[in-house]
Every structure is written in structure tokens, then in C-alpha cells.
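What follows is chain A paired twice: with chain B in the first complex and chain C in the second.
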Partner chain A sequence: MKKDITRRGLGLGASALVLAAPAVRAQTAAPTAVKIGYAVSKTGPNAGGTAVSITPNYQLWVRNVNATGGLRLGDRRAPIEVVEYDDRSSSEDAVRAIERLVNQDKVDLILAPWGTALNLAIGPVMNRAGYPQIAVNAVTDRAPDLGRRWPNSFWFLGTSAEYAAGLVELLSKQREAGLIGNNIAMVSVADGFGIDLVNAARPALQRAGFRASYDRTYPVGTQDMAPILAEAARSNPDAFIAFSYPPDTLAITEQARVSGFNPKMFYVGVGTAFPLFKERFGANAEGVMGIGGWQADSPRVQEYMRQHKELVGREPDRWGSSVCYASLEMLQQAIERVGRIDRPAIIRELQTGTFDTILGPMKLEGNVRREQWVVGQWQNGEFMAVAPAAKAGARPPVLPKPAWRST
Partner chain B sequence: MEAAAATLVTGLVLGGMYALVAIGLTLQYGVARIMNLAYGEFVVAAAFAALWLFTSLGVSPLIGLALVMPLAFLANWAIYRIFLTPLVRRAPNAGALETDSILATFGLLFVVQGVMLALFGGAYQSYSYLSIPVEIFGATITANRLVALGFAAVIGGGLWFLLTHTRTGTAVRAVAVNPAAAPLVGIDMARTAALAFAAGGAVVASGGVLVSTFLTFNAAMGVVFTMKALVVVIMGGVGNLMGCLVAGLLLGLTETLVASFVDPGLTLAATYGLFLTILIARPAGLFGVAAR
Partner chain C sequence: MSNTALAIVLAGLAAMAALPFLDTGFWLALAISIAQYAVLATAWAMFSGPTRYVSLATAAFFGIGAYTVAVLGEVLPWPVVLLVAGVIGAVLSLLVGFATLRLSGVYFVVFTFGLAELIRQLVTWFEVNVTRSMGRYVFVEITQAQIYWQLLALFGALLALGTWLARSRLGFALHVIGEDETVARHVGIDTARAKVALFALSSVFMALVGAVMAPRWTYLDPAIAFNPSISFTVLIMALLGGTRSLLGPLLGVVPLALLFEVLTARFPNHFSILVGIVFLLVVYAVPQGVSGLLARLRRGAPA
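The block that comes next holds the complex of A and B.
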């Protein structure tokens, strides 16, 4: 095996094997440790997303649970033991790693990898093995269907249609208020998420009566955004929308700043919510909108931020990270309510229960998390949630965006 | 008209970056005959070095160049002497060495990547240095890209001078043109190849440092640079400095022109279309040895 393997507490390994026995036995022979496995992308193209939104939260959660003595199973506590693999961002490796976790390591629970593609890839295996799959960092329009097809799978970041609809709703409101006109410039990355988002946004914009005077896609890994932004600026739009990936998000924002392209509304894609964005642009982040957002003024979110900084040495991103941590809190509460490692019962609890998380009470509908923040805006150094406006805690967006400053 | 001029300038700046990133590979592959698959990892490693120097010690990337380049020269010299010389010794011909070096450097790729992941993690990195807008012929370009272009020209020009006007440089070119005959005229093959590999490594490092001032990167992104450099090197003719420069500029211009006047979505298609056309017309590349 080429994969690297990290095992914590090898000494506990032998006794943890007991857990592989049917749940009935686990009830009587109390387990000493709960074995949790995951295969995530430590290398390859998904490594960036994984390192930002997944691994720190898995580590933080395991640390926090073990600090209290472990998961409460009935009247005792069982510490978590981790089995970790690298899926090298490849679907085949991810599937093989899951099979290994199930058949060879015989782990009790499996945490999901980062990204839609890998979660779709491991879906059938997880379903066959009967493990709950908390697909926390996946956005797909098929989420509701997938939740029905694989009742053990849970989808936390909603559908691309929701993100597009939320953005268009925000645009419409600003137009009603007379802050922007009808003219939109839109670019998108020609890859999974970018394509999904733009395909959802085009009809939604049209229905709302907006005109996309510039609407182009660019290939993944485009290193120079100057020509694209020059063309977009030439159409003199009221609002600029980019459904972009993290490196492009930074490059587009940088190019807009440098060329002085400052539409009344400036929206960029994945990566706007990263702490890196704030570090990179400082005061120039102000007013920039993007995917995600959170309620930075909530005390529980602030406590989470503090712990994250303490463990990882940097702040979490303001979109997927806190949701990832909240999903783990849900898993923990589901396990503790069931009181033993009984996977069908844990799955049932996740489907029906209401959970108390750092993001407030959370309940899944048809295995999908509804009601999430789809647009955020950097306001006074924080990426505040601004849409959907109807959700409690939404901040009003600030438009027009302030002018770029020279640094 | 002004739009066209701006597009040309932007294209040339992008092309200069491609050429800069590829010059090192043309030395390593063309002269030392090592198809270095870990090439992109060295670009990223230098970028991390620049990031660390800048964010932790406050050392400007341009001063960082003076530190990183000699270090990279020594490191690549050592890699060639310790790690690759046994392969060179036992390879019966150039083809076998190419295969062996691909396999060996493929392994090296994971080692370098693993070290970077362990040191810096997998997250995206970016810092702001000299991102001041400069206007040239109607095109607004950041100063860091222009500085990178300037250094690319200096490094490329300096290398060209060394290769054409010094004895060692002539030896290096002789090895590139005819590795079988070079020892017959008293050229120390092992030393020349090691020198070319190390010099290539130093140039790679300069590319990484300069690119880090304006690109967002992470530890897993090396392969992007390897691919681009490979396209440029093969298109220009393996081992040919001028070919590298022309191919890089052509690539940058094509991408920018297509993105501005056709559709940004077609830049990749245009890149590989150009690549194929050139290879069909001149199988050894624009300035390839066979075409001379």
C-alpha cells in the first residue's frame, strides 16, 4: 500500500476489534475505544480545500471529545481512536480506502472526504456497508435525490440552485432599492461547481429581468485574469459575479483591484470566505461578496474560532468549516442518544433528530440541510452572512462597494 | 487599437512567465538528459521559501532570490551527484536514462511534496508584494509581474551569454547537441551535466520565487508547472534557450488573444492546438536540434 497510515493508540487496536462484532454484543461487552476512520485528500488537487475545511475540524472535534473522556456510550465514555488515509484526490483511491476501513480496519464510523466528486464516488460503498455518510463539503443539485437513494447519506451544503437563487434574490432587492441596475457581468470556471452554479444562475437572472452583458467561462488553472476582467469591465456592469475556485478568486480580486474595476457589487466564488482572503487583501476585502458567510457575532461561533486558532494556528474559513464542525457535533449527539455504536440507529437519529450545534439548532429534512447562508460579505473585517435575507441573523448588505484603496 | 495593444502587453507578460518557468527544465532535460518530473515541485518549494522569508523574516522576495538561487544550485548539484549519477552511469543509452530518470524523479516528486505538506500544510498560500498597478500602452499590469518579466529577461539573457560566450557554456551546448561526440573533444560529461542540472535547478527556483509574488499556490500544485514547462520546452525544442523563450511568449500571446477576442473557455484548446500544429510542422520543436 502506498498510502500513509496514522494510527493513534495502537494498543487500543486489539480491544477495538470487539466493536466489529454485531451491535448486540457491543452493548454487553462495553468498548474501550471508538474507532473512527477517514480517507481525505492530503495530496492532489483537493488538498487545498481539505486542509482548509476538513482536516482541522476533524482534529479539533476528536481533541474536544477526547478531552472530555470520549463519546458517552450509556453510562461510560469511550475515547476516539483515529485511522487516517490519504486518498490523493482520486476517486479510485478513495473507494479503496473506504473498503479498507470497512473490511480490514473494521472502524466503527467513517468521516467523509472533501468535495462533491469524492463523496459521490464513495456513496455506493458507504451505502452497501451501512455507514452514515456525512457529506459535509459537497454541493450538488442532486442532494435531495441522493438523500433518498442512499438514506445513510447526509448533505450539508445544499444545492447550487440555492446559491444562485440566494444571489439573484439579493440582486433583485438591491435593484428595487435603486442601488444597482440591470447590467450584469458574469464569469465562471469551467469545472463541476462553476458549471453547476452558472447553469443555475443564468435562468434565475433572466427570470428576474437581469441582462448578462458579459458571460464567459474560463478553464481551471487559468493564471492570468487580466483579459477576462478587461472585457468584463468594458461591459460596464452594475454587478460583477464570478463563480470561481480559490486561486482564481484571489487572482480575479487582485486584477480588479489593480485595474480599478469597481462595480457597485462585486461577488467572487469559493475562497472569498477563506481567512487567506482577508490576509491577502486587508482593507480591500471590505464590501466584497462571496459564497458562504456566517454569524460572526454569535458567542458559540467566536468560541469555535478561538479553539480553531489555538489548534491549527489560523482562523477557519467562513463557509464550510463551521458547518463541518457542526455536523460532527450532530454525529456525536446522535451516537450519544443511541448510546452505542449501532449504525442503523445512528442513521435514523441523524435523519429525524434536532441537534444543538455551534450554528444553533440543526435539523435535516430528507437528509439535506436546508436554510443555510449562501452569500456573505466582508464587513469590518468579518465575512458576515447577508443572504438569504429572511434567515434570522442576516446582516443587510452594504452597497455600493467602497473603492479599492492603493496599498 | 488601444485594446489590442493592451492585450499584446498582457500576453507578453504572461508568456514571459511561462518562459521563465520553463528555462530550467530545458537545461535539465536538454543537457543533463534528466526528464525531471519533480520540476514543478521545485517551483513550488522555491515559492514556499520566498513566502516564508517574506512573511516570517520580512525579507523581500527579490533579496530572497539571492538566497534561494545559490541554495537551489547546491541542492540540485547534490541531487544530481548522489541520486542521479548512478542512473547515468548504468544507463546504456539516452533513451534508457530518460525512462530511469522519469521513474526516479517521479519518486522525488512525492518526497518533495511530502516535505512541503509536512512543513506548510496543504492550504492555499498567497502574499502581497509589489502589487502596484502600472500602466503600459493602456494595459494595467501589477509591478510584481513586470519585475518577474524583467528578471526572466535578465536570467534568460545571462544564461544565453554564458552559454554562447564562455568555454563552459560551449561545452554545455555541445552536450545538448551531441552527447555521444562531446566526450571525444575532451568534455567532462559528468561535470557538465551536473552543472547544467544544478543551473537548471537554480533557474527553477528563481521562477518559483518570482511567481510566488503574484500567484496563489499550495503544496499540491507542482504538476501544473511541470505540465506548462513541458509544453513550452517541447514546443521550443529541447535544450534550446531561444526556443524556450519564443515558445513561452507564443503560448502567453495565444492564451491572452483567445481569452480577449474569442472566448476564455477556449484558451486550453488554443494552447494545445498550437502545440500540436507546431509539433506536426516541426517534430523536434521550433528550434529543435533535428530541424537545424
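The block that comes next holds the complex of A and C.
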């Protein structure tokens, strides 16, 4: 009888594999399946980030796990069954969806939504229900506090202070090498992440002896970057820094290209790591720095890239996506080490274990992932990690940035 | 509503306060949602029903209340935070009321819709240029059950206020204004003051709901607090229920809140379009609201 059920489970796994692409809600009562639920933003302002960094990785992971027959629980394998909802980018809907997943669908595990706000919104519910929360796409300066407050929550993208510190360290190194001087021009978007980054960068720059001769904030949704860039160019900076969101990142880079503003170092914010950036600027992406980065020459990263392209039809972004996938590998290994769906034990394993992921061995400290890539640079068509320089696998940055080519 | 009816309803609310002892998960979350919209829609109808001014400012006052908690929640004791939220809501509604309640019809609708966006932008400007941080953490030790009880208490208070209002001079004045504002002015009613007073009362309740709900989300930024969809949801719930009686809006809140829940759970990918269709149906098929429909049925007229 037991054997029979297992075989049915395997059959299910195979059929789930066939159906995996549109991640359907498999309605089945197979007792051997592991039910995994998530409520992510399919609509609303967070839909873009979710579609880039979250959903493809959840789907890819479920597909890969089910292709091997499922999660290994003791001596059998249990395929993953997915229950998914749309939180419509609303905190209240996200909270309700988690309550529904826990109490109505009675899922075994829950995957987190995209963004800081939604992860904080579901934090108390996840904590009360005792589910591990892998907040993979959230950057918050309170990450270490949150890890203590909710021991079931894990924070993967670090704090904005780390990103600012890594950037300033890189600048200092280039100055020591005599490649740039002290003069910085800096713009930032007037919204959560932009403000946090610039607030962390200002004192760090000052401590390092840099002079921000231009420091300007612009509102979310600014379309015309020409005046800002003209003023920045007039200050004749050695390095230009933009703590920008994806649309602005594209607009600023485009305007710099059009106006021929080509400082020795050119850094733009969120979105530089998107494949879209490379498609849009082609050879002109070369030398542009931005937030994120990865070790593109690692065979496992290349294998991940190939699978992602095959499933989703496009390349992953070079910042959050691979971290998201790696966090799922960690979750899988934690479950399989525990050998059953025992949430407190899985949480303990995530807190203390070391895991083997596409990004190399990974271990959390105080529920926070340390040592991440904070600055990347487009080099020969790949967004290579360049900072922190001390981390194994960092590429040396290439300065000065080559001139814009006319297209 | 008679005193007996009010007493029965309040007793019913008191009985519903037992819910958190039965379930603290999904059903409590659903009950919180219903209670939240019950207060908002009833408060909305209390002003918009008699005066026939369609207000889209619900999100503005709700957001003000929520933001007050985000700013003061960790500094002041909880009752004081609620008090401050109510006072800010009242002051703002008086300012807005005196400035705009002379507008009528579509001008008022447009203004109130803009109000939430205006306040959102002001808060954003302040956070960017003065406090230099966007997004606030709300770590207040308030349980879900306490949120629910506070919402029930607010609803009870609102019903008591509404009952009292219906018998007061102010209530009568508003009724006359709703029938014909020119006549009201001619019989010596200070129409502006009556409207502003009611607008303020209704707004205070909206601000309090925002304050009570804020701890549920842990994190607030202006886009979360001043979400315009709240204004529209409340409007459609009140219209479905009917605005001519005190308990009318509730008849719209309960079915729509349940329907939204079913749609979210069953049709996560088609939610928005289905809700749009529901809105159209409500406006075309039940223009007098469910309570109007019931009243007509009771009178024996063909529905």
C-alpha cells in the first residue's frame, strides 16, 4: 500500500513537471506531497520586481525539485505542490493571504513576497505561525534587528549601509591607485531605498575624504533627466553616482550617453543588473557600474542562467535572482537534512547550517546573509562582481570607463 | 434606529467580540476586514448619505490615522496615539470642510480624490527633506484580537452616535440640506456649518480606523497609507448597502468583503476585472442599495 502511494507520488511529480511552467494549483490529496504556498505581487507597483527576481526562481526551483521526484524526506521523495495567490502589492492583502495559506490551505511551507514593505507586513503572522520566512528580496537597515525579533525570518540582501560602504571602499581604492580624484557628483531617487542609500553614502564619503560637489534628490517617476545630468556634468566629477530605481537607471544612462557625459567612473542603481540594461545599451553598457553583480564565470551560475533562460525565455537579473534561487536551495537542503516537515527544526537548521548553493557555500549569521556582492560592473557583456574586493572571486574594476559610442 | 434596536445591535457586537477565542487565524483576519469596512462605510454614509456629497477622501483620513501611528506609535502610550490620530483627523477635516463644502457635485468629488494624493505628496516631501527617511516601522505590541475589538468598539460608538444624530437638530438640518439645500438656507439653517460638523465626525472615525489598522502591517510608507483603492472600496460598499439608513452600509460591506475574499482565493489572476464587473453591477442593478431594495419590497412595490 505504502509503495503504491509512493509510486502515485512519483507519477504526480512527473505530471507536475509537465505542468510546471504556468505553476498551476495542483488539486490532489496525495499524502506524500509537500504543499508550498506563496502570495506574491502579480499586479500593482511591485509586479515588476516580482516578475524579475521572484516568480521565475520559485517556478524554476519547483520544477527542478519535482524533476528529481521531489523533496527527499527520509527515505522517500515528496513532490512539491504549489498554492499561489496575488497580494496585489498591498500589505493588507499580503497579511490576509498568509493567514489563508496557514489556516485554510494548511500549507507546509511559505515562500516570501518581493520587497521590504510586504516582508515586514507578513513578518508578525509568519512568526506567530512558526513558519520560516526567507525574506530574499528585502533590503532594510534593520535586518539584524529583525532577525533577532523574528528568529524565523532570514534576510538575504543585507543593509543599504553595506552597499554604500562597499561603493565608497571601491572609490577609495581607485583614488589610491591614482585613477580618480576627490570630486563626486551624486543623485538619488526620493524613495525608500534611494534615501537609505544616500543617507549611508554621505557620511561614508565624507569620512573617506571625498567631496560631493553635486548632491541632488529627484522625485520618483522623473522622466526628464537632462537638467540633473547637465548640472552634474558641470561639476566635472571624477565619479558619478546615481542611487536610482530601474526606470531612472535607464533614463540616466541614456541621457549621459546622449549628452556625452562620461566621467571616469559611472555608477547607477537598481536595474543596472537587469538583462534589459545590456539589451538596451549593448556595447555602451561596458564599464558601467551598478548595484549587485555576480561571478559570471562560475559553472554553476552559468548552469543556472541556462535553466532560467530555458524556463522563462530570458536571462535572470544579476543581483536578486541568483540569491533568490540560492535561498531556495538552502531551504531544500535544510528540509532534507531535517528529513521531515518539522518547521522549528528547519528554522534551526537555516540559522546554523552551512549550505551548498549556486553562489558557493552559504551561511547566515544572526539570520542575515553577510558578504554579498555590492557593486558590479559590465565587463565584456557580463555584469561582474567587483566589490567587496576582499571577497573571493571579485574582479578588478576597469577604470576609466570607455567613451560612449554613437549608435 | 430605536433605542431597543440599538441595544440589540450593540449586544450583537458584544457577542461577536468572542470570536478571537474561537479562532485567531483566518476567520479573525476576515472579521477584521469586515469590521474595518463596516466602520469606514458607515462613517462614509453618515456624511454622504444625508448630504449627497460623494467623498473620495476616505483614503486621506485613513492614511492620516495610520501615519500618526507610524510616527508616534513607539513614543506615546496607545490611547494617546489614538487620541492624537482622531484630533489630527478632526482638524484636517475642518480645514478641508470649510474650504470645500461650498463646492458641490462633481467638483467636490474631484477635490476629495485629490486630497489623498495631496497629503501623500506632502508627507513624502516632508519625509524626504526633513526626516530624510522614507518608510516607517510600526513595532507596537498590539495583537490581532485587540485590533478586532477596537474596530468593534468603534463600530458600536459610531452606531450610537448615528442614532443620536438622527434625532438631533443637526441630523434634521442635514436631512433638509439633502432634500434641498436652497430651502435649507432659506429656513435659517447654517448649511455650511452643519455639513462641516458632520464631515468632521465622519472623518474622525476614518482616521481612527487607519490608526487601529496600522500595527497590522509593521511597515508604512505614504503609498501604503494613502492607498486610493480604500476610497473606492468603501464607496461601492456603502452604495451597495444603501446610505439612507444607519445599518444600510453594513448590508453592502458583508457580502462584498466575503466576495472579495472568494475572488482573491479562487481567481487570483482575474481579481481586478471581476471586481470591476461587480462595481458596474452594483451601480446599474441596485442603485438604491440593498436596504432601498428591501424597503421597496416591504412596501409591496415591484422590486
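Here, the second predicted complex is superposed on the first by the 376 of 407 C-alpha atoms of A that agree within 3 Å, B and C clash if a C-alpha of one lies under 4 Å from a C-alpha of the other, contacts with A are read in each partner's own complex, and residues count from 1 in each chain.
In the analysis below, contacts are C-beta pairs under 8 Å (C-beta built on N, C-alpha and C of every residue); 3 or more make two chains touch, one makes a residue touch a chain.
Owing to the predicted nature of the structure, the values given are computational and were not obtained by experimental measurement.
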For A:Val102, is the partner it touches chain B (first), chain C (second), both, or none of the two (neither)? second
Determine, under the contact definition given at the top, whether A:Asn199 touches first (chain B), second (chain C), both, or neither. second
Have a look at where A:Ile228 lands relative to chain B and chain C in the superposition and call it first, second, both or neither. first
For A:Val52, using the defined touch cut-off, is the partner it touches chain B, chain C, both, or neither? Pick first, second, both or neither. first
Comparing chain C with chain B, which touches more residues belonging to chain A? B
Is A:Gly339 in contact with chain B, with chain C, with both, or with neither (first, second, both, neither)? neither
Touching partner for A:Ala190 - first (chain B), second (chain C), both, neither: both
Name the contact category of A:Gly353: first (chain B only), second (chain C only), both, or neither. neither
Could you look at A:Glu84 and tell me whether it touches chain B, chain C, both or neither (first, second, both, neither)? second
A:Thr217 in the overlay: touching chain B, chain C, both, or neither? Say first, second, both or neither. both
Taking the stated contact definition, name every residue in chain A that is touched by chain B in one complex and by chain C in the other, in rising order. 42-43, 45, 190, 217
Contact set on chain C toward chain A in their complex: 23, 25-30, 33, 124, 127-128, 132-135, 137, 139, 213, 216-219, 221, 223-224, 227, 229, 261, 264-265, 268-269, 271-272
Residue set of chain A touching chain C in the complex reads 42-43, 45, 84-86, 88, 90-93, 95-97, 99-100, 102-104, 116-117, 120-121, 123-124, 129, 142, 149, 190-192, 195-196, 199, 217
The chain A residues in contact with chain B across the complex are 41-45, 47-48, 50-52, 55, 89, 187, 190, 216-219, 221-224, 226-228, 230-231, 234, 246-247, 250-251, 254, 257-260, 271, 274, 276, 280-281, 314, 406-407
Contact set on chain B toward chain A in their complex: 3, 6-7, 10, 13-14, 17, 110, 113-114, 117, 121-128, 131-133, 139-142, 214-220, 224, 252, 255-256, 259-260, 263-265, 267-268
